[in-house]
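Next, two complexes with chain A in common: one pairs it with chain B, the other with chain C.
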Partner chain A sequence: MRPYLALTRAMLRSALRYRITFLMGMFGMFFQLIALFAVWRVLLDEREIGGFGWAEMRPYLLIGFTCGMIVSSFTDWRMAYRIVEGTVSLDLVKPVDYQFARFAEIVGGIAAEVGVAVVLWAGVLVFTGPIALPPPELLALFALSMLLVVPLKFLFSYVAGLGCFWTHHYNGIRWTQQAVVAVLSGMMIPLALLPSWLATTAAWLPFAGVASTPGLIFIGRVDAAEAARLVAVQAFWIVVLWLGARLAFRGAVKQLTVHGG
Partner chain B sequence: MALVEARGLTKVFRRPDKAPGLKGALRQLVVRRFTEKVAVDHVDLAIDAGEAVAYVGPNGAGKSTTVKLLSGILVPTAGEVRVGGVEPHRDRIANAHRIGVLFGQRTQLWWDLPVADSLDVLRDMYGIDRATYTRRLKRFDEVLELGEILPSLGRRLSLGQRMRADLAAALIHGPEVVYLDEPTIGLDIAVKDRVRGFLRSLRDEGTTIMLTSHDLRDIEDVCRRLVIIDGGRIIFDGALTALKDEFARERILHVETAADVPLAAVQASLAGATVTAGDSPRRFSVRFNRFAMTAGQVVAALAGHAELVDFHVDEPSIEDVVRRVYSGELMAR
Partner chain C sequence: MLRTIRLYLRLLGTHLRASLEYEADFWLMALGAAMTQVAGFVFIAAVFLRVPDINGWTFWTVALLFGMVGFSEGVINLFFEGMWWLADLKHNGELDYLLVRPYPVALQALSSQVGLNGLGNLLTGGALIVAGLVNTDIDWSPATAVVAVLLFLGAMAARVGIMLACNATTFWLEGPTSMFAFAVHQVGDLARYPLAIYPVVLKGLLGVVLPFAFVSFFPVSWLTGEGGTGWLGLLTPLVGVYCVVLAAWVFRRGLTRYESAGN
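The block that comes next holds the complex of A and B.
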């Protein structure tokens, strides 16, 4: 573990060097969250949509937003940039597993993001009032589910990053990835409100695991048994994507072309 | 068995074929065409433990690609590589412990961390114990004057400082084999000398070195064996001195005499050499084959004509030889 912990620490220290960028990003996110809250507040004014009232929607949106925020800092850009620009050469001669090393770096970034999330939650609670906690068994499953968001989101970024071995550009991949995740994860709109064919599809895809799952569990839309099933689906996708990414990596390094030096 | 062994090593890159202009760009959207480029073409190479090998060739000859194949960064299209019995691109972690890699144009330092922290990360990655780590750092400090740059952030280093820090980063785990790709690129003379001195001491301690460089002084200073690659193929592989012996037989003696000497008389006394007049009647140059006669014999013959005031010998330059090999003027091997 020592090599990977070293990477985690290095990434955390790097992240802390960008305090100003970080704070500005946080400021920007507050505005996005305010906008999201405002829209839904109006829509749900004294009525429900698809079974969601404002009381459920507020924590759901906050959780979705938190999930959107973590594992989103520069670690995925860093990996993609290094592949496009060729510095990945040096990553490939380190005595660590490439995939696990990138995960370790992401974890370093998360430590900083969690700090921001805490401030965000505090702000929301202060300005919009307290949030009711679910019963203990759901709370435990919610915590587990939030924990699983980390490897799952990492794997989306990682697989997208591996795409750079083929495309040599990251922007297109990243925009596509973000757009798909934003809609199919239920981050901004609960999946139940999507057209039924899309909602059913989305429920089975891995994307629901990075926002909808913890959100639904927290607001008690599902019972404990269903919650446990959703968490199992998250875990299933982590295993599948982790192994799939390993296969993809083998193909990806064959594509590697590094020009000059 | 050699420590580094490559047999029939080949790497083919596929490049998208883009016609220029908008039309070309649009066509590329519909039909993707590729051109295959053979960067390394059936290279056979064996490097023994403790050898220092210079790997040279013109730009685009396949030097860096070979280094990336030998270090396991790239996966060969065909052929095989083994370093200490391990296939570098298959067993990456085992391979990484044995090798050190420096690419002069890239850095492996963490951009936003002080150099000391970057080295600490590497220490933990390679699992180096504290005593060994301290000893190596001390040594790097002696040769590379590392101490003064340890507190600086990676991105604030000058090129010379960065290269010194990167050398330390590439060698901190005491690798058996070191691949150095342009380790002196862009450095001033003082830093170059220091880096070369360091590489020599590394070689003397038994580290296997493969060095690619456009600066032939690096090569002469550090390596005894020279491999020349062009168009992805090895066109020369042998001792540096052998190349010189074979292709640089000529030496030139420049003399200044105390009195005027007729050129014809000098030429008559030096059969087999070519005498040419210099910028004054008392100066001339004698071009001779260093295997047919010695500089001493030439001087003795000249002393018979007049007192010698001054003389010096131009040695064959490895640069001239390599340049002639590149240009196809000399066919090595």
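The block that comes next holds the complex of A and C.
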């Protein structure tokens, strides 16, 4: 475990060392939340849409945004950069598991991101009023599902990053991945409000697990049994993607050509 | 002047040819950019399936706002992408090369990259603008058309100017990335929605400090009569010129601070 903890520490230190860069990045993202809040505030002014009022939408959007904010640090850029540049060869010769090592790095970034999230929540609560907590059993399931967001989001980035072994290019993959997640995770609009064909598609894909699931549980849109089922679905996708990524990695390293050295 | 433009296009052309060498990159970037625009559009389309308007703005007028922001993004990617590499040029001392060539440094820096994602943004943004114009009830006359073209050019200039000015702040900031400009870029996305939905502080920010509202909101408002602030739209060409002049000034001031990186 020690080498992995070292990677986690190194990534946290890096976030704290380049804190202006890190905070500026977070600050920029904050405007996405402002836009979403402004749009929905007007839309839900004295009316409900599909059973969602402003009282539910405010915490839902905040949770979706928080999920979007965490695991967004530079780990996947770093991984992609090293694959494209060939320095990934140094990662490959280290006696650690490549996939788990990248996860350890993500966890280091999260420690810094959670700090920002706490400040954000405090700010939103102060400026827009308190948020009602769900009953204890839902709160516990919410906490669990937030924890599961971390490995799930990591796996999306990781699999996208593995694509670099084939494409030698990351920007386009990353943007596509982010766009798909933005729509199908329910981050901007609850999935129930999407046209039914899109909502059904989203229900069969893993993306809902990184925004919709914790959001719906927190605002009490689902009962405890349904919440537990949704959390189980999150866990299911983590297992499937974790193993799938391992399989993909085997194929991916065969693609690697590193010139010079 | 003509020579300056011709040289600019030639500089861009060389970088474009170099970028097109990597064909898969080209497709992936264009796809990624288009998908990003589509994601925003799916959101707004899904919303409009449930409500008839946002603060009086109908689906197609909001589509125009989205289109203007997306298209201006594409203009920057394709023709002025170098601005995003300014921090890099500064940090690595590569600006030295540009300083000794007989061509404006700012233009050399701007043309030092071509963002192939621009094509995706231009296509999706352009499609939204066309669809928005076709489906909106606009009283077209030759005069309207001329003014509309002027407003469009002004809006594009405003966006390019704001982003160049923000990227040029790298001369005052440390570090190899333009994080400040990235943050401002996110502010620019607020212009995809009607200005009226924002609190007064943000209206001031978008209307005056970082006049992104002139990239989309005010010109579209003039053309469609939506929002009741159309007369401000007529200022768009002036704001565009102002932003570009300001950006050139910031860039020149910043350049005097440049100290190279040794070697």
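Here is the rule we use: the second predicted complex is superposed on the first by the 261 of 261 C-alpha atoms of A that agree within 3 Å, B and C clash if a C-alpha of one lies under 4 Å from a C-alpha of the other, contacts with A are read in each partner's own complex, and residues count from 1 in each chain.
Rule of thumb we're sticking to: a residue touches a chain if its C-beta (ideal position, glycine included) is under 8 Å from a C-beta of that chain, and two chains touch if they have at least 3 such contacts.
None of the values given here were measured: they were computed from a predicted structure.
Room for both chain B and chain C is found when the two structures are superposed via chain A, with no clash between them. In the superposition on chain A, contact is made by A:Tyr18 with both chain B and chain C.
Set against each other, chain B and chain C differ in how many residues of chain A they touch, and the higher count belongs to C. Using the contact criterion defined above for the overlaid structures, shared-chain residue A:Gly50 touches chain C, although it does not reach chain B. Superposing the two structures on chain A brings chain B to within 5 Å of chain C, judged by their nearest Cα atoms. According to the touch criterion, the shared surface of chain A, contacted by chain B in one complex and chain C in the other, consists of residues 18. Residues 2-3, 5-7, 9-10, 13-14, 17-18, 86-87, 89-90, 92-98, 253-254, 256-258, 260-261 of chain A are the ones touching chain B in the complex. Against chain A, in their complex, chain C makes its touches with residues 22, 24-25, 27-33, 35-36, 38-39, 42-43, 46-47, 49-51, 54-55, 117, 174-175, 177, 179-180, 182-187, 189-190, 192-193, 197-199, 202.
By the touch rule above, chain B contacts chain A in their complex via residues 13, 15, 64, 68, 71-75, 89, 92-93, 95-97, 99, 101, 103-106, 108, 110-113, 117-118, 120-121, 123-127, 181-182. Residue ranges of chain A in contact with chain C, taken from their complex: 18, 20-21, 24-25, 27-32, 34-35, 38-39, 41-43, 49-50, 167-169, 171-176, 178-180, 182-183, 188-189, 193-195, 198.
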